[in-house]
Amino acid sequence: MHFTPSNPEFADVVRASFATQGLMQLIGATLERVEPGEVDIALPYRDDLTQQHAFLHGAVTTAIADSAAGYAALSLMPAGSEVLSVEFKINLLRPAAGLRFVAQGRVIKPGKTITVSRADVFAYTDENPVHVATLLATMIVQKG
Amino acid sequence: MHFTPSNPEFADVVRASFATQGLMQLIGATLERVEPGEVDIALPYRDDLTQQHAFLHGAVTTAIADSAAGYAALSLMPAGSEVLSVEFKINLLRPAAGLRFVAQGRVIKPGKTITVSRADVFAYTDENPVHVATLLATMIVQKG
Amino acid sequence: MHFTPSNPEFADVVRASFATQGLMQLIGATLERVEPGEVDIALPYRDDLTQQHAFLHGAVTTAIADSAAGYAALSLMPAGSEVLSVEFKINLLRPAAGLRFVAQGRVIKPGKTITVSRADVFAYTDENPVHVATLLATMIVQKG
Amino acid sequence: MHFTPSNPEFADVVRASFATQGLMQLIGATLERVEPGEVDIALPYRDDLTQQHAFLHGAVTTAIADSAAGYAALSLMPAGSEVLSVEFKINLLRPAAGLRFVAQGRVIKPGKTITVSRADVFAYTDENPVHVATLLATMIVQKG
């Protein structure tokens, strides 16, 4: 789907908000792509982000998926908006084994109050992505 | 509800698994209570666990909620089992403002293959808990 | 939890809205209880409400659970409001075998825009309820 | 995605199971398309399938979405299998206004025990589909 952003500065807004998130810095996540309704977040593997089998912890997979879905929503909101996750559901499809992870956030349905978006997380060991999680989220706009 | 654990060593199993989770150590979470079908996880506030408004990041709230729900499920599983989150949904009810957070995981329906559990997260600034999130999860047993 | 309704006529509002739902009549569901933040919906078993094993169809279980959760939310909204389900998740815990089903809708967190509520569905063959489903929903107010 | 069915009779299995569902007959739903990992279910509008604004009731939208997701999963299962919904989440994106509705069920991740699938529901008044709901589901195989 193609969306037209209501704020031409949407990419700066997303980048500025992302930079203030302590957690994204703690885990080493970076913004890889910011387009209208589409935000990708990348994360290299690290030993301290694991669950008991040394795969990426489901909560870390969730963190980048939720953030990607939320920033995809924010990219379509008017200037001065902030975004909050009302709720989300995530299915962890496979063990998150890999050297690098990318969460692709995509808006499904933008709205004045509520935006619905999804995110899919892929694990990379070589060049072939493995689909490790899918998230479906409800986001709400906050006026600044 | 009262559940009878099938493994009398359930508390040791839960504590041993928790100790191997890099992420729980990274964020500073601790096991506060382990009973049959009931596990509480506590987390002190830290600046690097925040979202853009200095509240606890939704992904951190989710991390302790998912872990509490998963370990509540594991506490009822036979010896030699491990637990995986198939999926969960979380509603973030209020900004997670507080000095300390407790996720209360509770089994709703144990099963041979699938266990359904929930978790509620409370924020404490003084002695009065504030309900900040509720999670509903599907867990699956893994034979060791 | 105890809630104070903002509209003293809340029970009439819920009953009037329920009466206009073609689907609730089609399946034979009735409002059994309407209190502030709490609505119960009852449904007798019928052969044409089944899935392939002659248990109550998951979609029918869902229909009464979603309605109970939605009307629980509506019971706390100001006069002139209507309620819409933004989304919900349901776990079908056991086969819905029984002669009569009751969905208990309960508000978890009321709000000006968003209300989060849950519903639990119980099946009755004799006097002992069997917990067959649990639903967690996000409701939004619509101004009339 | 392209999937190879493990049972060459998959389409007959899906059609036979669908035919036994009292609820699908009650609401007038039909199987429109059965391919490996892909099942579409169609439903004409009817006055008795409505909520209070004469749109299709969310529970009916959910019924066809859940069935499409479940039968998409069943289409990839070995001979003799049956499918049960463990849980699902649905976002109701827009009022379900239309003369005809189609739920497109698609498998995201097949598995020996657990299959994850999604469904999208579209409303048709003329030839242009309107996306009214998206569902994400966890299905479990039952050996016959």
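Per-chain residue numbering starts at 1, and chain names A, B, C and D are given in the order in which the chains are listed.
The rule is simple: a residue touches a chain if its C-beta (ideal position, glycine included) is under 8 Å from a C-beta of that chain, and two chains touch if they have at least 3 such contacts.
Predicted model only: the values in this text are computed from it and were never measured.
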Where subunit C and subunit D overlap in contact partners, by chain label: A, B
Centre-of-Cα separation between subunit C and subunit A, whole angstrom: 33
Subunit B and subunit C: spacing of chain centres that average the CA atoms, whole Å: 28
For subunit A paired with subunit B, centre-to-centre distance based on mean C-alpha positions, whole Å: 23
Per-residue multi-chain contacts in subunit C, two or more chains: 86-87, 89, 91, 116, 138
Pairwise touch network: line, ring, star, complete, or other: complete
Subunit A residues within the subunit B interface of the complex: 17, 20-23, 25-26, 47-52, 57-60, 62-63, 66-67, 82, 84-92
For the subunit A and subunit C complex, residues of the former touching the latter: 86-87, 89, 113-114, 116, 138, 140
Touch list for subunit A against partner subunit D, complex: 89, 91, 93-94, 108-109, 116, 118, 131, 134, 136, 138
